[in-house]
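Heads up, the next two complexes both have chain A, just with different partners, chain B and then chain C.
What follows is the complex of A and B.
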């Protein structure tokens, strides 16, 4: 059970050790960061086994019993998110070893990176609403600093915009927590849920729901709250873009929305329909804006908005199949979007530009980057048999099954647009004639290639998550969301054990 | 420029010389009594950092940075954070992360019977104090580099 605290302790300890030793001993940052993320990956894979045996595990921090003290809860959804986050973060730290040589002060980069990771793992593992806010702030503030890491004018502007909009979101979330605390007199998630189910329906709870939805929708960058994302994600260094688009918006936004809407407040069908509509709008607007972009990373950033739209749309439908599809797509998106951002980083590393119009024919000079980029693009546009195809298929089937015929048609059409702009990326960057000026470029260093190849392979095989042998991993996460209000009983039962 | 020309006037310097020790002492008092009276690691750390910032304002940045350099502040900050984490991890010896593992705790009218809480306060004080001082120093250094251009 003690293992539950390690998800936060390891990155936090890693962060300060790196900051202490990084300047004095060269390459200690690389080693420590990779060791911590690797051990985190191992621990998260171990958590699958823990969940399989125990269903729900509760850990009382400091020995204080749950409604009084802070507790950490590991259930199917937490374990699923932990695996997603730590898988991506390990491969991203591996990639950073060579990539971050371009920047000064790698130690500071790793420190901030590990703090952000500590925040994300904390959000996933905590069972206390205020503790969730604290970790959310740790992750957000570290990410504001990381977006500005290049310290050019454009990056500082993006970071400032991100910080201001992010702070508005954080204050809304804090306000929501404060109102909920005044109404229920408790901060423990399971306890809030049990107090709320004992009280009659109140307009106050709906108000809190709206505040939470706004706050977390800003963190998840759903349209109309998306303004910060297309600036912030391209400005960050490529490994950070991969983390931000790949996992940060999902943990801070989607995971928190899921927990609160499904498990804590147990929102009504109307509230879930808002999610469906927001998801649809994000899907469409993100896709249309992405086509027009010529900056690779900006295109990917808009594409993230569109794909987060798919996830929220599926979760909003709320049938078992739809939730399965949504979480499946969440995992797939984490993998292929980080592949794509790392690919764009590799292009920038070799060619020193991100402008699609200046590229062309790169696949002859950068074969491995070309292949991983191709895998990522095909997976995200839903080409069978790659992972993205299956998750989109499940989402569309779920929409049809729930009777949303028009929405399902829109989802299919958006998928076609997705294919269009990824074909644009492929044809401008990798196919066509090689520019004279680019004849001398070389393939990226080994560690970068290694991490891109691993991610590319996971893109190719992630469809296997819906075959019976691996399905329990996703299914245990789905069943936590489906159980809804029963979350509190599961936590309290685990406490007594 | 002569050494005495840096910083503020003689009056400010004299008053600072008299008060800075008291401020530092008050900060330490706040930290060590944090577990029984209002205050604690954060407030005490801020007051301790203020005493150094006070020096910096009155005598100029070189004087204060000689007492506590940027690197030392960064080192102390990291040590504070690691000490806090170490205390939390030491709780694992009793079975729980963050467990207050001292045995003789909770005796009324005894100053140090709160187990790990005063230790945590000291760690937080190091982290907050050094962090705040480092931020202030960074702002000052950044400003001077702009002037040189």
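What follows is the complex of A and C.
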């Protein structure tokens, strides 16, 4: 199936063309970027149908049959992630058309953006562990550059920290892959899985798990590996913040952890319990730190740590309901966090500050931004009937069902703090008295509004993903994770077909 | 079955509809000229519909959805108020929304224990898990209804939100829903044991007393009403948690009665504020002459809330007392903790009524009687004549005041017969209360007094005069407004300390929670010093932790 390669080829080709033409032909960058992300979105939606018919699809790159060559694998989980990533990236590029006018050199921005997207789609679609590393580096390095895009002192510092800690993570991941290769003599994920299941559980595999967990936990910004995120995410331009918090940490961190822990190395209960604990710590620490922030984007960045905590917590519990809740929350978080970052971008665009103490009463001047911000905030705080409520509900029920009563209580209490800091955001930014100096501000341009409205609407209706009509989309992703070791059989069967 | 339509939910829904209509009518007059009216009415309609959905929901998750959505609507509606409303709305939604989160936990445990979300199929025996679920759900009910210690949003909201919003939500709809849920939980879904019952009774009694004590010393009309809105919840909690039919019936009836007179009072507060531009008691006074209709409604509602016969508040309080007393007789002759609690509740309830009356005397004096105040009209033209509010605004008040009278005098014929007794089985009165006879006697007494007044020609010897100090007429700035009537109790020994603490927000669960959260975030924020090597050390420590727990342990 050649279509599998499109997910990587389109953004890579887009990046190439934009860097070639962007400078010469005005607004070619806007058009090319939006065309590529839109076609990616269409192909991602098409992948749902492909997965529905074929379950698992394998594409051998260059005609070399796996495990000798590199293969690309599309299954329920990849399709789910592709939809999430490309949905957000399309709306973000739409938003960037007007927003990035604030910066010089849009062409470079789009080039980097497309590279990052190629990296993320590559991670999702690849069936080869080393290939995963390569894409991970493409996405990471592009994101280091994008964080520094404003080239002010603050942004450069953040990018430097991000690059150093990120490189530590990458080297750890590479080390893990090397050890695993020396142990199994293969790099194909399905093949590694089948070799490992033939051998007794050794201490080496557990050591590899530790290394992978650390590496990917840094990428996912789990506490205590999170410290780069609160600097990096706010420093980037708003559309990039939306991409970083919305999808990048999920693809590089959560998705990779899922794939490795569930499908490649069938990790022990102990390892999953570590995930639960890391998730809990992240959700608590992130929430406590978020409430004390006065910089909008910094608050959202800490909030991302907290929400990733929920996702990892749910995935670590590992029951079908919990995995469902975790992936559901992953989707919701991608949507509402990008809504919120785009909202903060709109505020910055109109008012030129992100300091909550200098804002107030904006909803009278920026009604659309106000309402999308409200939708995003209420969804992430878990107010019914918005999307975030449902995923939080499922996660808490799943934790109770698995017997984690205290953990469930903590998750509930953290959601109270979440509500508190999003109300702080709402109260300081949108309600209250409008400052005299802000009386003349205007609502943001059309494309930005369009993108925010679409995301806001998805926030409102994403709860529908758990009604029977739309459930198979999520359920097919859940069943991939639940199948565990059977992943390799599915891939091999698809190879023979 | 997603929905349940029984007598209780139907009549509560009917009352929700009635309050909704009255408040919308009132709002048309009250909110005239305010910005964003479309959204105001949209939120109000959504509130009414969602509330009706809540009482008909039979599925706990469905209930949760409506319940949580109401919190958001309340937040949005409060934001239409004065300049403080922004912070108040935030506080309200954190308390109410936070309790909704606990409700998720409670519902989760209930589902775990019973395997169903159907409210009418759940019947839980006390066990350690079910008690936790009970507490979680009770917290949600208490936060909505405004019982202690989750009450602190009510006085703030009452002061800052627009009056129709206060009349609609904290005064009537939130009470109806909170107590409705309390009834469903404590009388139907859970079988309560003695300690659970006693703790509820004590919470009820403390709520009555503490809130009414706070109400006594308030200087703001609407804030004072807010504290009474808290205080009255105590009666309903006591009534429902007695667990015997007459007490429960009394609690439910009090819920309706309270909603009637309390929203009437809030609408009166709104009317006064609308005309005078302030709700500070110090700046009001002598309005009875210019706002007779409002004054008439205020008297009736005040007497009702104080439990003076023959108005409706008396009847339901009387039923609650009966519930307590019959609970007292159920238990054997030994002196038990239960008896002690019941006696405490009885005393609290009676004291509460007396103090309520006292604080409403202060209110009536400060607002409607006493000398006219011109202070608040400084920013207006002095010649602006203050007159009665327009008919859109007084009509709802009059309807509610009439309901207070009707429900009091025709208790057995109307509310008890059609709403209350059918929804609570086997409620039987002990003691005698004949409302008609009592009413006749009271009217006879008033007439007698009137006759004496006429016969004795007392009215002619009455002299209306200015107040003097020495030989000087007291200027209106220095006139006694009545707001300080009970300030002496504020200076009284232990109470002084408690009042001071209360004003600092020491008993406010929100303030304390905020202090705790910001303390922790202060520590965590301090750790994030922005130095890269520190962060790398964290990663290393984290990795060592993972290594230790996965490999070495």
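Here is the rule we go by: the second predicted complex is superposed on the first by the 497 of 497 C-alpha atoms of A that agree within 3 Å, B and C clash if a C-alpha of one lies under 4 Å from a C-alpha of the other, contacts with A are read in each partner's own complex, and residues count from 1 in each chain.
In this text, a residue touches a chain if its C-beta (ideal position, glycine included) is under 8 Å from a C-beta of that chain, and two chains touch if they have at least 3 such contacts.
None of the values given here were measured: they were computed from a predicted structure.
**Q** By the touch definition at the top of the document, which applies to A:17: first (chain B), second (chain C), both, or neither?
**A** Once the two structures are laid over each other on A, A:17 reaches chain B alone.
**Q** First (chain B), second (chain C), both or neither: which does A:427 touch?
**A** A:427 sits against chain C, while chain B stays out of touch.
**Q** Look at A:62 in the shared chain and tell me whether it touches chain B only, chain C only, both, or neither; answer first, second, both or neither.
**A** After superposing on A, A:62 lies in contact with chain B but is clear of chain C.
**Q** Look at A:175 in the shared chain and tell me whether it touches chain B only, chain C only, both, or neither; answer first, second, both or neither.
**A** Touch status of A:175: no partner.
**Q** Between chain B and chain C, which one contacts more residues of chain A in the superposed model?
**A** C
**Q** Kindly classify A:482 by the partners it touches after superposition: chain B alone (first), chain C alone (second), both, or neither?
**A** Neither partner.
**Q** For A:50, is the partner it touches chain B (first), chain C (second), both, or none of the two (neither)?
**A** neither
**Q** Would you tell me the residues on chain A in contact with chain B in one complex that are also in contact with chain C in the other?
**A** none
**Q** Which part of chain A faces chain B closely enough to touch in the complex?
**A** Residues 2, 5, 9, 12-13, 16-17, 19-20, 59-63.
**Q** Which residues, counting only chain C, touch chain A once they are in their complex?
**A** Residue positions touching the partner: 35-36, 61, 64-69, 71-72, 75, 79, 83, 86-87, 89-90, 93-94, 97-98, 101-102, 104-105, 108-109, 111-112, 129, 132, 517-518, 520-522, 524-525, 528, 530, 532, 534-536, 538-539, 541-543, 546-547, 549-551.
**Q** Given the complex with chain A, which residues does chain B contribute to the contact?
**A** Per the touch definition, chain B meets chain A at residues 74-75, 78-79, 81-82, 85, 88-89, 91-92, 94-100.
**Q** Tell me, which parts of chain A touch chain C in their complex?
**A** Within the complex, chain A touches chain C at residues 160-161, 164-165, 168, 172, 203, 206-207, 209-210, 213-214, 217-218, 224-225, 227-228, 230-231, 270-271, 274, 285, 288-289, 291-292, 364, 378, 381-385, 389, 392-393, 396-397, 400-401, 405, 408-409, 412-413, 415-417, 419-420, 423-424, 426-427, 431-433.
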